[in-house]
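Both of the next two complexes hold chain A, though its partner changes from chain B to chain C.
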Partner chain A sequence: MNKKSQIHLSETVAIIFIFFILILFAAIFYFNFQKVAFKEKQKELVEARAIDVITKSLFLPEFLCSKGEAEPESNCLDMMKVRNSAKIFERYNQTYFEIFSYATITINQTYPEHFKMIVYDQKPPVWEQKKPTFFVVSLKDEAQGKDFYGFGHLIVEVYS
Partner chain B sequence: MRKGQMEIIGLVVIVILITLGMLFLAKFALNTKQANTLLLRKGLASSSVPALLKTTVDAGICDGGAVPQLQDVLEDCARNYPPELSRSVLSCEGKHSCDFFRDTAQKLLDSTLGSWRKKYEFRSHLIRTPGIEPIALLDPPVGSEGGCPSTKSRDSSGAFPLPTPDAGLIQSVLFVCD
Partner chain C sequence: MKHKKKGQVQITFNWVYVLIAGAVILLFFVGLIARQKSISDNRLAADVIRIMESIFTGAQVSEQTKRLVDTGGLADKTLFFRCSEGVGEYGIEGLPARTQNVIDSIFAPTRLEASSLILWSIPYKMPFKVSDFLFVTSSDVKYYLVGDGQGFARKFIGRATDENPQISIKVEKVISLSEIPKGGDDLQYRIIDVDGVAVSSDSAIPPGLRDIEDDKVTAVSFTGNNEVVFFKKSGNRWLTLNQQPIPLISLGSEDDPAKQAAIFTDDPSIYKCNMQKAFQRLWFLSEVYEGKTKELIKYYELNPGFGNCQGFVSGFIANEGNVVDNMVLLRTRAHACARILDNSCRELNDYSQRLKRLNQMLEKECPLALY
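Coming up: the complex of A and B.
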């Protein structure tokens, strides 16, 4: 083999080597990207579930502010109903588990009085993290007077 | 084809590949805001205004044993605007209804949106007659530091109308941003 051919061969080997290095970098980048994308997707699913639980809570007849056959008030929870819901949730545990799955629902009033009430609490046996999601609501409480509305929020924690 | 021309073609191919890679990366990097987060922010904005206006003022705060809702306080503010020139019918914590509404709205929104590190801006306008420039009942608007200027990505509650029998139409809007 002459010298020119040897140089040409080593040039080809170097180019192939660089090519494989580039492929390796691309593969590392792709796998890292996939890892991040998977985590993002997981986060997105947890958020979607939290929104789902919030929506179900806001429209749950056991919480909703209703008056006879009139249109129910939106974004409003009736505290008279909420106070009694714990007993119902306990009694029909399986039914509500099918609706909310593993989640914790807390009602937090910030005005006029501060108070916190956990209305549903089902934690999975093993969980890594929980994602709290908030929603502002009116808290109607006729025990405090006719047309009395407190200001508060609903906290829904879902587990992953 | 000469060797030099071949090399140039190879270089062009590499440049095209790198550009495509960059575009692919930019597409994912710029599209980070999730639809769920935006949906929640919009929901927060639209649920906060009716909840705020429906809130009943704590007993013993307003004179004469009155327990108005915040929408009654805002209506009273509209009827007796501006606060420097007239006294309001409702007197809560010894303040004019406009000032009391501003302080209470700020407190309530700070305890919710503010504590979740959301920025907000709440505006209320009085439209006395259609076609005439609306009067800003809350000037400057109630809001967190910096507020939510239109230059930022923000969500709006939409105009929340509150008709009054004698003062005109009150229109409130809440902007929420990150």
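Coming up: the complex of A and C.
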């Protein structure tokens, strides 16, 4: 009779052991799935942020080419303002961080002469990936003469 | 006999054991599901707020356009909009997801419960573009305009309504408040007194709105002195929300963004907070334009053949003064108004008007203008 009880007990322990093994497998599977989903989500968020930042940059009053009371020129950056905005972004860094967050905004003129200008640069202390987005823009620089337009890219790099 | 009793005890014990183990396992899964539900609710709210933020960004930069945002899944939830000490915040009531913003001016009712939102963006210029004001409302908010406000009422209705009923704001002009029909509890009502005579402190609530919940009836009154006063329903009387009228700071163009902003928000502190955000941006932009002015001075020094141009920028030719001096005054005042919005902020209107006229002269007579 004692032996029978011992067998019973062993059976019960074995069942509980298998049950917990199964739970462990399920937990490992679930956490791995969550890890992958989290990475996917992070990637999605970075992409969304890149689009947000480039949208905001293209329509930023600090950059856009105005024409008096008329509608501003689209996809155009006023270099006379951009040059001064870079200083303002640095001076009021905390406020502009709200718009751009961790990002680097570069203006890359390709015509008539090639030059690069970083207007905003705020990198996180530690980052894993950088997502660059390019947008073709005209660069109006009337300091060089009336209706002087260059041509280049607005590059927005966001970090995560 | 002894063996039988032992067997019976063992069977009973097995059942008790199964019952307890089953209950523990069931409890574990019930707990897990409840936790997952709360996590997924919060995640959904966070996703919605993030998407709303992107939509608001898109809507804000699309000047003079109206957009519809379907909030179908959130129809039973209430969105809240706040702003204090220069920080705007919006989110879903009862859920932790919310977003904060210190830059953009968003004017909306304090609480909004609707299956769709209407977003409307208007540029705020002082005199150059400072920011885009975003107005948030819904088809569940009914606006009644009383008075004419020198044509403002008619123009506002023209702009607020649309051929597409989905993005058409529910706005109606009435001759007097007694004309307002009896309303239902499913809508929010906002009275816009454009001449500043129909709504005053302690005056009676229109009969058609007396039975509506207090929180659902608000009013705004524009005084002849270019000021705004906010009211809310308190029983059968109007209760003034701001004892000190708030000055309207704008160039008073056809679509007067500062005036329209007061229509779409129902709280004077939120209105002031959002206007102060705009003044902060004006302060920063004035510095950008001061830099541009220096480049203009340099340009006209190198190209002296353009008559009065240098005088408009830094000399003493125009009655309005010059760009340099007005820009300094504008920046200084904007800096002060970003902290305290009071009557002294009316000076911003004068400096902006002067800069606007100087810019028009530059546009007319010179190769380069300020903006």
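A few notes on this one:
In the analysis below, the second predicted complex is superposed on the first by the 119 of 160 C-alpha atoms of A that agree within 3 Å, B and C clash if a C-alpha of one lies under 4 Å from a C-alpha of the other, contacts with A are read in each partner's own complex, and residues count from 1 in each chain.
Please note the rule applied: contacts are C-beta pairs under 8 Å (C-beta built on N, C-alpha and C of every residue); 3 or more make two chains touch, one makes a residue touch a chain.
All of these numbers come straight from a predicted model, not from anything done at the bench.
On the superposed chain A, the two partners chain B and chain C both fit, without a clash.
In the superposed model, A:D121 makes contact with neither chain B nor chain C.
Looking at the shared chain after the overlay, A:S85 reaches chain C, while chain B stays out of its contact range.
Once chain A of one complex is fitted onto chain A of the other, the partner contacts of A:I51 extend to both chain B and chain C. Once the two complexes are overlaid on the shared chain, A:P72 sits against chain C while remaining clear of chain B. Of the two partner chains placed by superposition, only chain B is touched by A:S138; chain C is not. Contacts of A:L64 after superposition: chain C is touched, whereas chain B is not reached. Taking the two complexes aligned on chain A, the least Cα distance separating chain B from chain C is 12 Å. On chain A, the surface patch touched by chain B in one complex and by chain C in the other comprises residues 48, 51. Those residues of chain B lying in contact with chain A across their complex are 28, 34, 36-37, 39-40, 43-44, 47-48, 50-52, 54-59, 67, 69, 104, 107-108, 111-113, 116. Residues 3, 6, 50, 53-54, 57-58, 61, 63, 101-103, 128-132, 280-281, 284-285, 287-292, 295-296, 298-299, 359-360, 363, 367-369, 371 of chain C are the ones touching chain A in the complex. By the touch rule above, chain A contacts chain B in their complex via residues 33, 40, 43-44, 47-48, 51, 74-76, 110-113, 133-138, 145, 147-151, 153. Within the complex, the chain A residues that touch chain C are 1, 45, 48, 51-52, 55-56, 58-59, 61-62, 64, 66, 68, 71-72, 78, 80-81, 83-85, 87-88, 91-92, 95, 98-99, 142-143, 146.
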